[in-house]
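Take a look at these structures.
Shared between the two complexes below is subunit A, which has subunit B as its partner in the first and subunit C in the second.
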Partner chain A sequence: MTQSRPWIPYALILPSVVFLGLLFIVPLVQTIWLAVSDNGTPSLANMTTMVSDLNFGRSVLNTFLLTLAVVPIQIVMALTMGSMVAKMNGGRETILWIWTIPLGISDLAAGMVWLSILQNTGYLNSILFGMGLIERQTAWLTYQTPVALFIGIAIAEIWRGTAIVMIIIVAGLNQVPKEFKEAAEIFGASPWTRFTRITLPLIRPALQSALILRTVLAFEVFAVVYALGGRNFPVLVGEAYNWQNQNQNYGVAAAYAVLIMVISLAATLVYLKVVKVDPERLP
Partner chain B sequence: MSNTMSTSGHAGFISARMLLFWSGIIALCAWVLVPIYLVALGALGGRAGAYQWPKNLLPNDISLQPFILFLKTEGVFQSFLNSLGAAGITVALSIALGAPAGYALARYNFRGKDSYRLLVLLTRAFPLAILALPLTVSYIRLGLYDTVLGVGLIHTVLALPFAALVTQGIFLGVPRELEEAAWVFGCTRIQAFFKIVAPLALPGLVATAVFAFVISWNEVFAASVLTVRHRTLTAYLLTVLSESPMHYRFAGGLMLILPSVVFIFAVRRYLFAIWGVSSK
Partner chain C sequence: MANIVIDNIKKSFGAFQALKGVSLTIKDGEFVSLLGPSGCGKTTLLRIIAGLETSTSGDIRIGDKSVIGLPPKDRGLAMVFQNYAVFPHMTVYENVAFGLRMQKADDARVKKQVEKAAGLLHIEAYLDRYPNKLSGGQRQRVAVARALAVEPGVLLMDEPLSNLDALLRLEMRTELKTVLQEAGTTTIYVTHDQTEAMGLSDRIAVVHDGRIEQVGTPVEVYNHPATRFVGGFIGNPPMNFITMPVTNGQVAAGSQRFAVPAQGGEIVLGLRGETVERAPTGQGLDMEVRVAEPMGSHLLLTGSILGQPARVILPATETVKNGETVGLALDPKRLTWLSPESGVSYPAAA
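Our next item is the complex of A and B:
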């Protein structure tokens, strides 16, 4: 538009820049400083306390395993769902709405939903009992059953978090020109070849942002774990929460926060490198 | 003969594929809906229902009574109001600060535009709720600790980048020519914006507001860290979780789910447009 008043766009973005500066950049710097200082002098004491804590190794391992289990399944499910609705004519809107319902559900609520199924007198045990597979109530969510607890948490996370991946991927699929697929069909490409050679490369940008968003969220997993397993299944954010609220040790909590941020940033950079998006091939 | 055989065989093959296709779709719908149904059963079944063994999957012994009892529990209704308050602040601030930025991104080319977009995108690579940890100290100093306003502010950090990116897409969808025509006919820029652009962008802005609401309504970590007595619903439920009976947990879960489901239904038309834009 007119360049007569070049200050206009700056005036428009200024409020949000100031806001993000005060409540994003400043706390970010504060977190890092809190983590690497002790009583105002640089120190690695908080880091040492964090690393030598009994739960540290387990929480790192649990968080990574959970992310590795959940994110690929969500991507595959979302791709399946996206390909399915692409083939539909009638009822597409309704099905999509049903599949996106979990988008509005918090991780805490998701934990409670799956608690009603997985608790001792829950629906899973009732069904297994009805089928004669178990004789009495079986506990799935204790520290004595770490594998079952892990699977339960992973299922709850997959249940809740797949909707956002699906929406991003469907939005990406909507932008793939029909002609590409038709051309491939004419040249005799099988559905699988069309999917891997045409669709997947074209939805790379969507795939990339879905992966980044979902992985960052997966490293933040907390409430769903807490609702299902209490403290039986330590994860990074849960540890940060405990150090902050139970132990009132803000330094170690900040150390955890920095660790989570570093992991999230590293994951983002890996995705940006590995899932390359060629700007010239964007539809 | 062989010809008809192969045709009917072909049709049978197609309908078998269709059957598989629709079973898949129905199974995925059940995967989403059945757990919600079950937690609702748990919430409406009361104490007796929670410990019933083995459970009945049909809604036989349900009533609203247990859920109403839960709502009357001390702290529940107040935390519900606090959640509404924090979400209201989040909606107001993220639209008030985000929409102008979205408009600037959509309509102007200016130096620093890319840096601004980078700042906004950078927030996505960070687990933002974690930033509540150092804020505790500054919040205590500023008198924002344990207030609904304080929670609303940190939730705005989560919703604002999203609002800026989404409103950019919405304003790009309003033809620039309409706005320029309004200028020609003597509107000031501000008049043109409110008379021409705003009405056309309104449905998208409402959808953005709904998302900001849901972001705040569902946030657990920051709200739990920054409040003690004035808890939001999620923070309240998280802190009383270990000492509350099972049917209260299910009632809490249902109460968290209901408003967001209604909201997502209200904006379902915009879901894909919004995420298509914001994921670029």
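Our next item is the complex of A and C:
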């Protein structure tokens, strides 16, 4: 039946292709054009403006530092959490449910949650003051305390974004039949060896997806940073936002957008290469 | 010394009792098969011995030392899993080498052992391949090779040859038996293939519904099944069970008389199909033959004796027509008598 009408699958996916084409490809091309043109003629003026801006270097540095700090911690935490629930018999679903609560909160709201903890009159200061560790309200989120600010933002990001990594990793762990670990155990592998020699290689596809997704999202970090640090902690998307809204300069905003896309693509390619998934070596 | 003592092992999964008190002693270097139908608890028992599952109660001793609570790797055993559990991300070579690598064996020894095990199981040609390109039977042999490569004191095998074709299975069976005997490996071999169990084992433990029904040499188990279940499970065709009346401690089959271990009432005759001889009707038991099938090596008769279904085997030289009634003479030394109530057999007459 299907063989006699080979066009059916194509017809079925056509709407999604059209949809994506209209809502993704067209704006993408427009954005790229906006970035590399000036009044309708090709020009690098927007790029030059972007690069020579005072905040450009800092926003690149901040975004990379944040990604480098947050992503590895999230992967390690997700692996630990996933391995822990895998060993549980009862209450597994409840724990997973609680752990994924941050997923249901928008990133701006997540930023507000952490602002209420870290701001001058926040819970952290109250607790520290109550324990007698500080004598007066301390500011953590200012230009003068870059390390505390960075740590605060990183913690908020970790809190907000680990759940999605964990979900992907738990799904990956669930796919590994327990017999593989048992066989390794019989033949004398320690728990750590089982994890590194059996579990990790077998969840490579999940690990790869989690790394790509999480890294791309990390390069797009904005709302949490905006809520906690405002302009004290410039990041790439924040700069794009400022150029778009404050400065009304769409060209430079587009240049930032293109830069973020290029960085994300590069990171994805690196992961595809480094965390290679060889279908031959999968169950 | 790797003798194994299984002492009253019980295992429940929730309300379900998978093992209901299993005891079995296996001598150092002995080859014992666990034979039983699907779901009777063979894998569960093996996993408890291996330490992958905890028993609800009971004790396991390996080499006279209780291993309850010891992790699998400290029990000095290797295992072949029912579903192979061959690592998909390692080559066949690295799979077979895995146990030795964990023991930190040097490369020369690893190479020697891997080649030896691979040669034995005819998988040398695939050593560089990844398992997902192999057939089920090939993977199964990788799993066996992986277990043999570490030369364990105790080897647990869960249906290790189930996926091989008949010819290869026969060959592997003989080779396995030879190497394990040479190495003096204590082996527990799970199977539901009775010919495999009969051919390989020093002793067979017949498992049924979470219990061991009988332990004995293949000949003992075959000739004198302890229960109706064992007689029916082992042998092809299975043992015939014919309920007969007893008068004054004797059973009459035509003109043949047999003293039986009961005075009156009824008794069940356990009759192996190939122990009868053709005789004139009325001399022994008469059988109404429904279908006579010449099998080449023998003649298989299906029909009824005393109105009860029966299957017997006659020499290939006999000719019997469908619907014919044939007389069968019984060999008094090869009969088993069972209680009709409990299905347990009476001890063989000395």
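Everything below uses one rule, namely that the second predicted complex is superposed on the first by the 282 of 283 C-alpha atoms of A that agree within 3 Å, B and C clash if a C-alpha of one lies under 4 Å from a C-alpha of the other, contacts with A are read in each partner's own complex, and residues count from 1 in each chain.
The rule is short, and it goes like this: contacts are C-beta pairs under 8 Å (C-beta built on N, C-alpha and C of every residue); 3 or more make two chains touch, one makes a residue touch a chain.
Remember, predicted model here, so these are calculated numbers, not experimental data.
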item: Subunit C versus subunit B on the shared subunit A, clash or fit after superposition; value: fit
item: Winner by number of subunit A residues touched, once subunit B and subunit C are compared; value: B
item: Touching partner for A:270 - first (subunit B), second (subunit C), both, neither; value: neither
item: Contacts of A:31 with subunit B and subunit C, given as first, second, both or neither; value: first
item: First, second, both or neither for A:202, with subunit B first and subunit C second; value: second
item: Superposed arrangement, angle subtended at the Cα centre of subunit A by subunit B and subunit C, nearest 10 degrees; value: 80
item: Which of subunit B and subunit C A:105 touches, first, second, both or neither; value: first
item: First, second, both or neither for A:68, with subunit B first and subunit C second; value: neither
item: Subunit B versus subunit C as contact partner of A:76, first or second or both or neither; value: neither
item: Touching partner for A:262 - first (subunit B), second (subunit C), both, neither; value: neither
item: Partner chain(s) touched by A:139 [first = subunit B, second = subunit C, both, neither]; value: neither
item: First, second, both or neither for A:182, with subunit B first and subunit C second; value: second
item: Shortest span in Å between Cα atoms of subunit B and of subunit C, once chain A is used as the common reference; value: 9
item: Intersection of the subunit A residues that touch subunit B with those that touch subunit C; value: none
item: Complex contacts: residues of subunit A adjacent to subunit C; value: 177, 179-180, 182-189, 193, 198, 201-202, 204, 280-283
item: Residue ranges of subunit B touching subunit A (in the complex, touch as defined); value: 21, 24-25, 28-29, 31-33, 35-36, 38-39, 41-42, 50-57, 93, 96-98, 100-101, 103-105, 107-108, 110, 112-113, 116, 119-120, 123-138, 153-154, 156-157, 160-161, 164, 214, 217-221, 224-225, 234, 237-238, 241-242, 246, 249-250, 252-253, 256-257, 260-261, 263-265, 268, 271-273, 275-276, 279-280
item: Residues of subunit A defined as touching subunit B within the complex; value: 1, 6, 8-10, 12-13, 15-17, 19-20, 23-24, 26-28, 30-31, 34, 80-81, 84, 87-88, 93, 95-109, 111-117, 119, 121-123, 125-127, 129-130, 137, 159, 164, 167-168, 170-172, 174-175, 205-206, 209-210, 212-213, 216, 219-220, 222-223, 226-227, 230, 237, 240-241, 244-245, 250, 253-254, 257, 260-261, 264-265, 268
item: Partner subunit A, residues of subunit C touching it in the complex; value: 50, 52, 71-73, 77-79, 81, 83, 85, 87-90, 98-99, 102-103, 130, 132-133, 146, 150
